[in-house]
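Okay, so here's the structure we're looking at.
Labels run A, B, C and D following the written order; every chain starts at residue 1.
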Amino acid sequence: MKKTIPILVAAAAALFILAALILGEPLAGWLEIVLNWAVIVASAALLVAIATLILTHLRNIVRGKRGFIFSIILISTFLVSFIGALVLGVDNSAYLRWVAAIQLPLETSLLGLAALVMTAAALQIFRSRGWSLLTLTFGISALVFLVISLGLLQALNIPVLTTVINYLQRLPMIGARGLLIGIGIGALLMGLRVVLGLERPWGE
Amino acid sequence: MILCPHCGKENLPQATRCVHCGEDLEELFRIEGMEDNSALQEEPDISVADLLESFRNDSSPKDEETRSADSTGQAYVSDSGAESNAEMPAEEEEQAPEWLARIRKRAQQEEDAAGELTRKGNSLDAARSEDHRGRVDEEFANWIGRIRENARRENLLMPKPAINSAASEEGVPEWLRKVRELQPEAEDGEQFAEEPAEEPAVEEVEPEEEQGEAAAQDQAQETESVVEQTSPEEILGDTEPAAEAVSELEPEPEAESAGEKAQPADEEDSDSGDAEELPESAAAPQFAPVLEELGLAADGAALELDEKPASSEELSADLLLLRRQKENAQILMNLIGEEGRGIPPAKTQRVSGRGWYRLILGAFLLLVLAAVLVFVPEAKPKQIENPAPAVALKDVLDRLASGDKVLVVLEYQAATSPELEQIAAPVLRELETRGAELQFLTTHPNGLWLADALMRAAEIPTRETAFLAGGRLGVLAAALNSEGNSAVIPAGIEELQKYDLILLLEDSQTDIQNWIEQAGPWLSASKLGVLASSQNEALLLPYYDAGQLAGFAAGTLQGRVLAQALDQAPLTSAPSRAFQAGLLVMIAVILLGILSKAEADSSARHSKEPEA
Amino acid sequence: MNPMDIVLGVIGIALSVMIFSYLLGDNFFFRAALYILVGVSSGYAAAVLVTKVILPRLVEPLSQNGTDAFWLGLVPFVLCVLLVLMLVPRTVKAGTLPLAFLAGTGAAVAIAGISRGTLAPQLLSVVNRFSPELLRANAGVNWGGIVEALFILLGVISVLFYFHHRLSRKSAGTQRQLLVEGISSVGQIFLGISLGMLFVGFFSAALTALIARMLWLKEFILALLAG
Amino acid sequence: MNGMITLDLLALAIVSLALLSLAIALLTSRKHPYRNLRKNEALLDAEKLMHEAAEKGLRLTIGLGVNQVSSAPAPANLAGLPVLRLMSRRSVFNDQPAQALAGDGALAALGQLIVRGKYQNALATELFKPDFGLLAGATPYAYLAGLLPEVNYRANAGVFLLGSQRPETILAASLAEQKDLPLVAGTDDLSAQAVLLATNARLCLGEDALNAGAALESDPGAAASVRAQDWLRVLAVLGLLAGAVLKLLGVWQ
């Protein structure tokens, strides 16, 4: 019995939302209420997960576990940014400026670091993947689109060249469409399994 | 040895069930004191049936000595509480052994008990299959062989002393008294003596027993060679040099015979170090049964002593424990000490030297970009034809008039904000100049402060940014919302139908698909325009081709071209020269990758060809 | 440049250098920077959720006793309490119900979205390319359009068959049918082209971020020097 | 307007066909759910990795991917959970339990529920700690920042990145490569697939990432879903060909 309740709850929520989306107007009001509940519960789940993260790092500090210095850094920055927001208000511009001054350099540098790491990875593509049809077209395609991204060929403004470039730029649409349809079918069936109770992401 | 009351056959002292008939030996089970099994050492290779036969008949002179030793042992075992007296005078050996007398007495009391015992034994033997009997015999023979080797070694090492009986006057076991002679100063020895020695699981010890045997055999040959050159006094007198001679000859004991359960080397040393301090005598009584289990009777083999005995005269030679025994005791102590303690994590070896090409290529790219940024002046923007999707977006923007409502949705991360600001700032500036009514919405918490930065970059008056929580749930609720007031929709945001254009600023596939799949179906004649990071260009093509997007521009290049088409100056922070230099470095690296792979293949082919 | 800008600028430079020190291998500064990012972003996200979702949409309705909003607000309140019980190791199982509700909701919204927003339009757009209006160019035949439409049709079909799972019985479950293998190798070409463009797209985005960071550094130092 | 209706009807047809083919697949392949299905090499290595981790007393780290803030998890976000289920069942009594990291609150909570369920099934609930299923960060880049130190853990046997990963996880892939750690990756994000193709990760391309339960032979429902996907694929291709012909002939306006 304990196992079937979550399955019933998941199926009921899913079937109600699908019915409301198909029937439209009569259930629109209730649909909005159920979506609102889901948003609140999802937000609470994130807050609980953040609390678990903080408790784990607190335990690391208390136990003096290896790397507890980083736990101290994490907890102190969390407290400063959380209490700062509650005291000054989330929309306070001075507070937002401090948050931006820390997050922006860190995230931009991480993405910049990804560019440096991709340069090294590009050297090893063929050594690690070997000569297959996929890697060969992947390499040639990457070279072609790197040249197109330079923008030098377009600047020559030669009509034929521009037409070829436009056509080349639309070519990846075919593979992307095939991928989207394939992934869509996979995700659709996984969603149906969750609704039917075959896939129980909550555990059993 | 203990005899099975049911079938009369012999079994190991700690056996709980008779090997031959399988009956319980619970009441005979004893763990105190040493089992002196040296009595059976001279026993020739005989099978179980012969052994039974020899018990039934009166003994022949040849076995007299074995039986007397055995009876001592037996006596020791049977009087579990009282220790037999230490010295057995030589003349009493002729009398029939006590245990045999008892069996005969019992046989006479119960009418034909002996006969019934033997008949039961025979019927059990007959009932058992031939191979099981063979295996039991083989096992028994191996065990006998082991004992014989120990005895041969013991006989080589010492003249036949009178066998001390196991017990001494004050009730202290004989082996403990001898060990105490070695270390008179170790007071806490007594404390260990009282503790009941837990019987270690036989299986655990067996592998070491076999290893011990192999080491014992090598050592026996070596000891013989040592003994010939040195006289017994030398061995007795200064045990140290002889013992050291033995220990030097002895092969290095396998430190970790306990398989992977051993801790990493550095911790083990520290642990074994602690074990070292435990005084030798304190450990011995607790592990006496264990040493017996190892087939190395405490009083039958040489002991490698570290400390100098109180006085060498009193030392009896039979306490020269092999170094091997001490190592095994050490390992067992470590194992028992480690019981229940968490095993420190094993470590993966640090694989160094794989990051060097990453460092070189990364540093090279950084240098090229820095050089171009500092030394190369910015290029004059050239007139480039807009790709079709961007042209379509421009047309939609051109159709907007003053007062039209535009919802600007920010869904990019701080990391891609430089790129998105370069693309979106000119467009927002254009919309502001046209008098369109811009409203800002974000579904990411970071969107709240990124919107302020975007408005500053676009040089348009800053206004409040609404936060739509719930990701795809929030977008669906916003798309379905027809009355305008709803708990899900933040204040100030109207129905999505009422906006002339919804301009999405995106850097992730999930968010783009979210608006296309959840809001798209409810919005007539697609109102979704997208300004995206260049990483999403390939994703947007199918959706634009399917008519689900009004138009899109992805990447700084298309953003610059769109800005030119809208007659807006691109942001100054959009250095195209450095960007082109970075792309050229990547082109060179990919070509280098192809060449190095081709070269590796050809050298592999060449190395194969000479062999073929 | 006012002092606050200088302080924020110096912090920005320090954090960037800590991140780029990863090139020299994993080190203390790189890790410290990562943990600072996790701490600040979690604290800020938690504050935004508390002030913009939990307080206005969970706590406030429960304060209006007896109204519809109050009764409706009890359901998410109970679910949230069950989630909070997950903080205690022994009562982690209490979170099953709210998470089952979330999984069901997410699945339903995704089923509707994927089928209506991706699968149907994408399949239809492949077929719509064969509509006569598109293929009739000023009373002639728009051969270019027909070739392009056929090219897209075959390309999409070949990419779909690249992921085909079923193995042929003849090959005793070791290989797919020959036809499927043939079509899927054509699909590999189209896949390689798309993945190549996606690779360049992400590299361009990362390169733009790198250049923007270096440019900001250059301008900050010039501004400092200019005083 | 009739275009919208056509799309609605087509969407309804697709969902109904999907439901039908899933039901048929469940019924027909009950006895041998995994027979005659293409093996995914990336996830085959996953099995070997789990055994190796148990023998060497090392740990496995799995990144479950990101999701939109305060949103319900979509099916694509759940792609890593079947692998976590198998991995935590295998590592209950290992020297080092598996470590799951998520970039979303609901995913982190689901990870905890799965790991605790396995400990409960093994009657070892006292060994369970909430640390085994943790939130790595509340935003995508904070998730990456929380994931990198765990990839760099000194006693890792391998790293799994399954679920909705973003392309910047190439930093985690490169760190794993530098430490010579085997990496199994699968995501529904196209950019991330392209970027991870450039590393030496064992990559599940396209929809293979969503079928981990079938590849690991740990979920008959997933295997039936893979068969249903094949039938839907064939129906889609036949539909495209038929639609093209009908459109060309003008029968379908």
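Heads up, the rule we're going with is that a residue touches a chain if its C-beta (ideal position, glycine included) is under 8 Å from a C-beta of that chain, and two chains touch if they have at least 3 such contacts.
Predicted, not measured: the structure shown is a model, and the values here were computed from it.
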Taking all protein C-alpha atoms shown, work out their mean, then name the chain whose own C-alpha mean is nearest to it.
-> D
Centre to centre, by mean C-alpha position, how many angstrom separate subunit A and subunit D?
-> 14
Subunit C to subunit D: how many Å between their CA centres?
-> 14
Chain centre separation in whole Å, for subunit C relative to subunit A (CA means) = 3
Per the C-alpha centroid definition, the whole-Å distance linking subunit A and subunit B comes out as 34
Which positions in subunit D touch two or more other chains at once?
-> 7-8, 12, 14-15, 18, 69-76, 78, 106, 109-110, 112-113, 116-117, 130, 135, 138-139, 141, 145, 149, 167-168, 171, 174, 188, 190-191, 193-195, 197-198, 206-207, 211, 229, 233, 236
Residues within subunit C bordering two or more other chains | 20, 22-23, 31, 33, 35, 37-38, 41-42, 44-46, 48-49, 52-53, 57, 83, 86-87, 95-96, 99, 102-103, 105-107, 109-112, 114-116, 118-119, 121-124, 126, 156, 160, 162-163, 191, 194-207, 209-210, 212-214
Two or more other chains in contact with one residue: find those residues in subunit B.
-> 355, 358, 362, 366, 413-416, 418, 445-446, 448, 469-470, 472-474, 476, 487, 514, 521, 534-536, 538-539, 542, 545, 555, 582-583, 586
Overall pattern in which the protein chains touch one another (line/ring/star/complete/other) = complete
Tell me, which parts of subunit C touch subunit B in their complex?
-> 20, 23-25, 41, 44-45, 48-49, 52-53, 57, 105-106, 109-110, 113-114, 116-118, 121-122, 124-125, 194, 197-198, 200-205, 207-216, 218
Contacts from subunit A onto subunit B in the complex sit at residues 28, 31-33, 35-36, 38-39, 42-43, 90-91, 93, 96-97, 99-100, 103-104, 107-108, 110-111, 115-120, 122-127, 131, 139, 142-143, 146-147, 149-152, 154-155, 157, 162, 166, 169-170, 172-173, 175-177, 180
Note which residues of subunit A are touching subunit D in the complex, please.
-> 22, 38-39, 42-50, 52-53, 55-56, 59, 67, 70, 106-107, 110-111, 113-114, 117-118, 120-122, 124-125, 128-129, 134-135, 138, 176, 179-183, 185-194, 196, 198-199, 201-204
Subunit C residues touching subunit A - in the complex, by the definition given at the top | 4, 8, 11-13, 15-16, 19-20, 22-23, 31-33, 35-54, 57-58, 72, 75-76, 79-80, 83-84, 86-87, 95-112, 114-115, 118-119, 122-123, 126, 151-152, 155-156, 158-160, 162-163, 185, 187-207, 209-210, 212-214
Touch list for subunit B against partner subunit C, complex = 355, 358-359, 362-363, 366, 369-370, 373-374, 415-416, 418-419, 422, 445-446, 448, 467, 469, 472-473, 476, 487, 490, 507, 513-514, 516-518, 520-521, 533-539, 542-543, 545-548, 554-556, 573, 575, 578-579, 582-583, 586
